[in-house]
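So, here come the structures, one by one.
Look for chain A in each of the two complexes below; its partner is chain B in the first and chain C in the second.
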Partner chain A sequence: MAGMDGGSGGAVAPPSLPGAQLLKQGAEARVYRGRFLGKSTIVKERFPKRYRHPVLDEKLTKRRTAQEVRSILRCRKAGISAPVVYFVDYTTNCIFLEEITDSITIREHITSTQASGRSTETLYGLADRIGQILAKMHDEDVVHGDLTTSNMLLVGEEDGKPGKLVLIDFGLSYISALPEDKGVDMYVLEKAFLSTHPNTEALFQRLLKSYIAASKKAPAVIKKLDEVRLRGRKRSMVG
Partner chain B sequence: GPLFFFLPQAGQMQLTQDLELFPDQSVTQLLFRDVKNCAELRKMLKVYLSLFPLLPKVVDLFQTLVAANKAVHLQKVGKMKTRSLYSEIIFSLSPTNNISEAFRRFGVSDSDSAVLVVLVHNKEDIFNKDDVTSKVDGQQIPADQISTLSDMAKIKKLYKVTPQEEKCGTVLDAAVLRMAAKEVV
Partner chain C sequence: MTIVIGFEGSANKIGIGIVKDGEVLSNPRRTYITPPGQGFLPSETARHHRGAILTVLREALDEARLKPSDIDCVAYTKGPGMGAPLVTVALVARTVAQLWGKPLVGVNHCIGHIEMGRLITGANNPTVLYVSGGNTQVIAYSERRYRIFGETIDIAVGNCLDRFARVIKISNDPSPGYNIEQMAKKGKQYVELPYTVKGMDVSFSGILSFIEEAAHKMLSSGQCTAEDLCFSLQETLFSMLVEITERAMASLWLSGGPDCNLRLQEMMGVMCEERGARLFATDERFCIDNGAMIAQAGWEMFRVGQITELPDSWITQRYRTTWR
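So, the complex of A and B:
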């Protein structure tokens, strides 16, 4: 389809931050790394999408930027680690975030544990912690929107000493109290988890168990999760 | 006999930093303690609003640097909420969108004895320290010693830092996040 260029937004504009290095070109945003006010910083730039009506596009982009900042604030206030927002440029929809250094993704951690031949049971403690954190996040009515094992970081994990879990990439997040939305959030994670990490059904069950134990609101979410599993992520099969 | 000057290990008397987004601009911060003319400085701030802001409610110089960056940005895009760059820095420090509240809480009060001066200047300009030090009746100390003068309990209250939040980050993190997020709450 003409004009449907996958959201590249035409020519790549130079980042507003001198010396910034492009890390990721996504469908929604470009992610850069650079130095900002003397700190290692991630810059997330939501670019205009040419296939959308400009007025609608600007509105949607602004809303997404605001929702990302709002979700991070809610999480941190509740004690859930997420990158600090340093600065938001609402004229270009750029978010300047703390770079989480010396970290590995949960994805890398699970993959390397499996590759080293260790039993997934050694990851049960981690699964428990992920379940607890997601329960806390949902209790704050934050729906992440893109839960994967790549969007969870482990900082300072050493043998025998558990590291800090940090949630990242709130680009598709929003505030909602609906069990349906939280159920879909968990469904997205389940899909991503099981397809990224083979033979981890028991590990994911462990995560869910911990999620259920940690939140009074969990039963309603799990009920929705069961429904969503049967019909898929979309509420309607039309379109 | 010979005179020996022992410079503080940690840093210089004043700290000058770049604003990466505005390559021709720099921010210099100077810190004073035992200031005796706060009431006078406050009047000066009112009359010559663009002179310098006096901010004793700061936990770290990064907090004021972030506020200065935001103020310069809003000035460049024509979206300042206050009348001058320096009042905008004070407003940017506040976690709320109420301007008079921001000045009441983050401006200097007559009883303050510590003063932080934040100057935004052209990078090429030769910075004349005497322009500032001659106006402040107090003792200049290395700017990065700000945390020794900040009132933690007061700052936590100003930014409504929750105890849970302190488990995942510092008070500085909490303050900076609220400053960045105040437009969307």
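So, the complex of A and C:
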């Protein structure tokens, strides 16, 4: 099933959802849109990576599928927005998720705001809400593992009216209470954020500030974030 | 026509290469090899380089059939690397530049590898997986400069391999990585090891502490062989590297990358084929530290007037990969 159409982006539906349309092909998963039991549904199908040893590949695919579902459920229980999980098929490694309709990624939102020439200050409210939702997620000991502005969806944001934030793509997530793990989570976001969106240092600082204000555990996390940043700059890099 | 001589000595190799407009005229090199179970120390490495550098310089000029007056520019590694060897080599480069009356260019070692990779593969704006003793980075050329997309958040992959070799006493001759690769070919059983990808970054310290903790027990109980461990370590480390390279490419749609280990190249090849990308791998003569790569990067910089004045011709052990 997988591997045959890799990269070509053909209209191949996942076996368990006839008629579905391929939406995106990422590094390890194909994302389809279709209808499942009458509902608008996103199917995320993890396909085998042929470069990996088959035993390792199988383990990673299973683990990531399970982690994705587990962390979504944990977030939802804590009142953090994430798509509803409709169904999981562990034989084809497919997750059936609620489609967040009329959403755009935060990445698209920031990019279009910048392209339209509006000041990034108009995004400060959004940065505040991202900081808050991440603080809440970390307080539940969910470490996302792949925080980027593409892995956050925004619904119904209009001038003056704040939209709803939804977190997605939990495949690399895991449960940990360690400030180090949460610090690295924020480090990954910082790098992705600043490299995807030029000239947003102040915006990201705003996000961090709101993260700190929203969580009692934040100081320990920020301390680790500082350490990880410093490690990058100090690594000896011999050879 | 521009001829540049490049001096490299940031780690355990001393190399001097001469490049003339994209053609490598000579590229001799010496390697400081330490006994099994030992890494190389800065002062001893510097002593090795001091002893060899003038002979290597003579060879570079003779092989290229050039006189010092034919040279247009002297390039040297400014960093990153080990302090003492860097200082030794920079001192010689500075001296010959003054003796010969030629301009100096200080080169970032990582950029040297990338420019050499671009030269011999013809790749234009590649995504590069750059792996060496001290570096593990996915670098891509974007918005008119080199930028690091993914990297290790703790130790470098080469460092992980070297330390693994020390744990199970694998020889350093010709290099731990080479011997691990040969042993891995005989490995049969895949042993699960920690696998840590975070965004576009990787972490290797967990694997190392797992191995340090468990290797001897697994070997003495007969649960697996040293060859199995080499095999499993390679499969795990390289899968992580290919994965973050692919993640960078998925956000960029470009391709490329220099490294020597054949299994890593094979895995990259499979990944690129599936993405419809092209893999360029550089061969051993150029992906091991050498002088020509410094000459080549120096040649690019000299052409756009990036000269290093004498007072600025210092070295630095840490040097982030950016070239604006």
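The working rule: the second predicted complex is superposed on the first by the 209 of 239 C-alpha atoms of A that agree within 3 Å, B and C clash if a C-alpha of one lies under 4 Å from a C-alpha of the other, contacts with A are read in each partner's own complex, and residues count from 1 in each chain.
Methods note: contacts are C-beta pairs under 8 Å (C-beta built on N, C-alpha and C of every residue); 3 or more make two chains touch, one makes a residue touch a chain.
Quick caveat, the model's predicted, so the values are computed rather than measured.
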Chain B versus chain C as contact partner of A:35, first or second or both or neither:
first
For A:223, decide between first (touching chain B), second (touching chain C), both and neither.
neither
Pick one for A:118: touches chain B only (first), chain C only (second), both, or neither.
neither
For A:50, is the partner it touches chain B (first), chain C (second), both, or none of the two (neither)?
second
Which partner does A:80 reach: the first (chain B), the second (chain C), both, or neither?
first
Let me check the overlay on chain A: which residues of chain A are in contact with chain B and also with chain C?
none
Would you pull the chain A residues touching chain C in the complex into a rising list?
3, 6-8, 26-28, 49-53, 55-56, 59-60, 145-148, 172, 184-185, 187-189, 191-192, 195-196, 198, 228, 231-239
Under the stated contact criterion, what part of chain A meets chain B in this complex?
16-19, 34-39, 66-67, 69-70, 72-73, 76-81, 84-91, 96, 98, 164
Under the touch definition given earlier, write down the residues of chain C that touch chain A in their complex.
10-12, 79-82, 110, 132-135, 143, 147, 149, 151-154, 156, 158, 190, 192, 195, 197-201, 235-236, 239, 242-243, 246-247, 249-251, 266-271, 274-276, 289, 317-320
Can you name the residues of chain B that touch chain A in the complex?
17, 19-21, 23, 62, 65-66, 69-70, 73, 77, 79, 162, 164-165, 167-169, 173-174, 176-178, 180-181, 183-185
